[in-house]
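These notes open a run of structures that come right after.
Below, subunit A partners subunit B and then partners subunit C, in two separate complexes.
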Partner chain A sequence: MSGPSSGELLAKPAPGGLGRLLDHRVLLSIAVLAILPWLLPSKALAVNVLIYGVVVMGYNLLFGYTGLLSFGQAAFFGAGAYFTGIAIGRYGVPWFAAVAIAVLLSTCLAAVIGIVSTRTRGIYFSMVTLALAQLVYYVALQASSFTGGENGLRGFTVDRISLFGLQVNFLDPVNKYYVLMAFAGLAMWFQSRILNSPFGAVIEAIRENEQRARACGYDVERSKLVVFMLSGAISSLGGCMLALHLSIVPLDILHYQTSGMIVMMVLLGGARSFFGPFVGAASFLILEDVISLWTPHWQIFVGAIFVLFVLFLPKGIWGTLLDAIGVGKARP
Partner chain B sequence: MDLSLIIMQLLSGIALGAVLVITALGLTIVFGMLGVVNFAHGALFMIGAYAGLYLASLTGSFWWGLLLAPILIGAFGMLIEFVLIRRLYGRSIDDPLLLTFGLSYVLVEGVRIVFGSDGIPFPTPPQLIGVLDLGIGFFPRYRLFVIVLVAVVLLALWLALEKTRVGLIVRAGARDPVIMQVLGVDIGRVWLAIFGLGVGLAALGGVLAGPMRSVNPEMGSLVLAEAFVVTVIGGLGSIVGAVVAGLMVGISISLVALFAPEMATIVMFALMAVVLLIRPQGLFGVRGRTA
Partner chain C sequence: MSGELLRAEGIGKRFGGFVALEGISVSFAAGQLTSIIGPNGAGKSTFFNILSGALTPSSGKLHFRGRKLNGLPQHRFVHQGISRSYQITNIFPDLSVHENVRVAVQALTVSYDIWRNRARLTELQARADAALDAVGLLGKRNELAKFLSHGQQRALEIAIALVSEPELLLLDEPTAGMGPEETKDMVALLERLADKRTVLLVEHKMKMVLGLSKRVVVLHHGRLLADGAPDEIRSNPEVRRVYLGQSEGYG
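Here is the complex of A and B:
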């Protein structure tokens, strides 16, 4: 994947109508998500796009923008879900506080895994993150008194929530969608702030040329660790949303197949673009939905399509589209 | 707890480790030569087990399965290199990893379509059923056979790499492929052969593991994680590292299983984390390329 040169990186988005419009990428993305439930065949699918979109967006910070191919993102997705469920079901924490606690704890987990894995480079990093995430999987499997082991975590249900004194029926799919969309919006705003900050420029510099970034005086190791934690935090928020949505946490969420699915989604949509993760999550989930209608073996098609994307369309659907209409440099 | 029990468990660990060594060796040789980490390695291990089982029932003899499955699957591996992976040389090092990851989806689902999702028992060859009296305890004959066979394969590989002309080309190609091309070696053919060898070793590991655990489409996913751990501990690209780390992991798993069974799967990851904190490049790895 050849990236733009450092000169292009520093360039402002192309002036003119389209470029100006794309400055408001968070608002535009929220607008698209707001009408999504009426574009997709089912509300349940829309909720899943929202959840996986947030998870993949967090992962994109690590893979797309910093160039670190991790195969362990499921650890944070799963940690967010498990911590939320345990906080609500076991300790009776109010749902909103549970989400905050879960994100905080997952970020701590990301710090621990990050300290070990960011010491390695290149392909090693992928293998180490995979192995450490599997460690989390087996710990969750063994600690069944906390996590429910193989059966997954059950026994917490959020059926109604109060928002500023207003009681909202959370079982209604439309209500649920818009409450979760508020979380997604928050995550997008946060991610956009990171990318627009000087730190956002530093991580892109590390991707383009690690040695040059180091020579410029940036602390590459610390930046990698920080971005690993931020990425884990955002992905864990997706896990919290999943727990609130499903009211159970399946153990499989922690398996590296889930990490692989996140990698697939980001590549299908387009790594290193702001809205690409949502496009990727939507296309993957729609593909799964459509193909599994006529064969249980949908994975063979998804795998083959993914292989073709790696070979011929490495920028993904959204990335290729943006290049085609000439706003690729802005990467909205 | 008496000593003989620990020694028997140590032997079990070596048998377990022997399969890991063979599997991880395939991964590490391919990386050392081609700079490619084959994510489908676990899936090919699983396909090797199925091929061994199928060929054994077709010919009526385990030994034909053991011989033919690695050759056949190795040839299939060469096809994969030729058709898919070859296109990615010169692109980002992540791309072959991503491609083989997608491929593993296709392979696993393909096996589910052909053989079904349920596990199939892999019968132990009749000559190797039962246990052998070692004086201090009884040890399964089959596991002893696995240890001996892996030792023979390792010796043969070592001789081929160190003492033959082809081995010389392979070692030189790992150091500097450009110079090899200048000297008139068709490096593409060497890479093709090495990828086939790596995949063949995965298949051999699969056939050997078959009688020790049941054969199912998901068996590759655990093996892949194990092989990753072994190569990371040993140092990616290092053959000695794969052997030492494979035995280390096998022995630690079976010794921990004796004292704290619930920790057995966790111990190898902990081992890896400790090694990484002390030596990020692995025990026998070379600094620079990966750490």
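Here is the complex of A and C:
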């Protein structure tokens, strides 16, 4: 061995200027999100990009980085929203504590669904997650005294919040955006933390070759369960953000169509890329916004665009862009 | 103790009504290269899968360094000191060559840690590079594994198995699908490996096996047919009848 310094040098594939820039992906992403409200036609759209970006980012951990195609991510999105709303509206929990409790409870839900679903593989995994997420949907539909059933959950408006002794008017769209952006930043930091960690290497190994990962000495089943819970936790934070934003929780967000939309968003933006989920969420929501102005059948067009992406740009918008400027390869 | 590393007692394996292995009792001493040979369907791969934990035997016992292995899940076998390569190339195609090996050695120390930075685990990186060096792949460390040639991928697989510094290295046909030139390189690599550790080899290429091994175990129809030094195996009439005779043997 020729000393630790040369080993250190060898360890990184000598990234160019752009590659080094991406070492600060969390800060860069936050910088882009910070100017987003002024780039998009409306503040409401920008808030939705934040929310769905976080949900899809959590899903990307499972689908993009671990290679597990779940059709039930809406369960955690919805759980985060419902638990936040119920904690605030029914039990009078302060909003910040409500978010923490909601993420915790949603992670427990992910543990339960994960224990059952990660024992199966391939299409069976997809179907089991779909079925269990629909089960959550019907529980929310039936337990209407808790959840408001079909009408959705109401009555927990958060209008003023105090931040470090400062009273902030949460109904102001700009204030709301930046408060929610802080949550998105936290989620991005956490996701980046996971991807850079030794565990991040484990999930990639499992995606690449489950049998080999097991032969290398990894407990594949347990690792899948852990990543399923982490993914659920991050997506549920997006749900908390939605509840704070809307002050209602529509039952629809638990429906399997929401899960399908999450899958579409990650593929549009680029699975296995850090910022791709936000790009995917933004593209989808902008398409919906623009096309639904002149036809109620916007889903036909979005669907067609989605099919074109799957056929011709399997790495999505962001993944393709990163490849084109030559920095996509080396990133975890 | 004569340095016995692994002992199999009456190992049997059934798949439904089909008996793949029956009553295999054999023990392997530390520090030598032993080959397992036999015609197609003799049960070599099944036996190997049992030794590496991928299959659980229907009957019999496995002892490794005096400890029982039965009932351990497959992923614990590496932690006991048994590591393997596969007959069909089995690597992480979309990871770099270096990461293929680094993630393998990481399995022995950290799995679920999400608070440290994997780029700072420099000792693991150094071990990965040392293993790549040992199989002659250090120059390719930053390439994606899927872009390596077939022979290089086989060598990478051995580096993956080797990096955990196993006491017992199980290699399933490491020269499968290789041309003569690549085979020569692989044989040289195997000779170097066998100097330092216990290697168990499944192979088809008889000439190579008889030249390399200190001892040869012959399986036939799921039973142990012969067990001895290469010269004894070569002159064993039973072996000649079922195996060697078919194609003048040295194919």
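What we mean here is this: the second predicted complex is superposed on the first by the 315 of 332 C-alpha atoms of A that agree within 3 Å, B and C clash if a C-alpha of one lies under 4 Å from a C-alpha of the other, contacts with A are read in each partner's own complex, and residues count from 1 in each chain.
Basically, a residue touches a chain if its C-beta (ideal position, glycine included) is under 8 Å from a C-beta of that chain, and two chains touch if they have at least 3 such contacts.
The model shown is predicted, which means the values in this text are computed figures rather than measured ones.
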Partner chain(s) touched by A:Leu130 [first = subunit B, second = subunit C, both, neither]: first
Subunit B versus subunit C as contact partner of A:Val220, first or second or both or neither: second
Subunit B versus subunit C as contact partner of A:Val139, first or second or both or neither: first
Which superposed partner A:Glu204 touches (first subunit B, second subunit C, both, neither): second
Subunit B and subunit C footprints on subunit A, overlapping residues: 1
Subunit A partner contacts - residues on subunit B that touch it in the complex: 31, 35, 37, 84, 87-88, 91-95, 97-99, 101-106, 108-110, 112-113, 221, 225, 228-229, 231-232, 236, 262-263, 265-266, 269-270, 272-273, 276-277, 280, 289-291
Subunit A to subunit C touching residues, read off their complex: 1, 4, 7-8, 10-13, 193-194, 196-202, 204-205, 208-209, 211-220, 223, 226, 230, 329
Touching residues (chain side subunit A, partner subunit B) in the complex: 1, 69, 116-117, 119-124, 126-128, 130-132, 134-135, 138-139, 142, 255-257, 260, 263-264, 267, 297, 299-300, 302-304, 306-307, 309-311, 314
Of all residues in subunit C, those that touch subunit A in their complex: 52, 54, 73-79, 83-84, 86, 90-96, 98-99, 102-104, 106-108, 110-119, 121-122, 125-126, 129-130, 141-142, 144, 160, 164
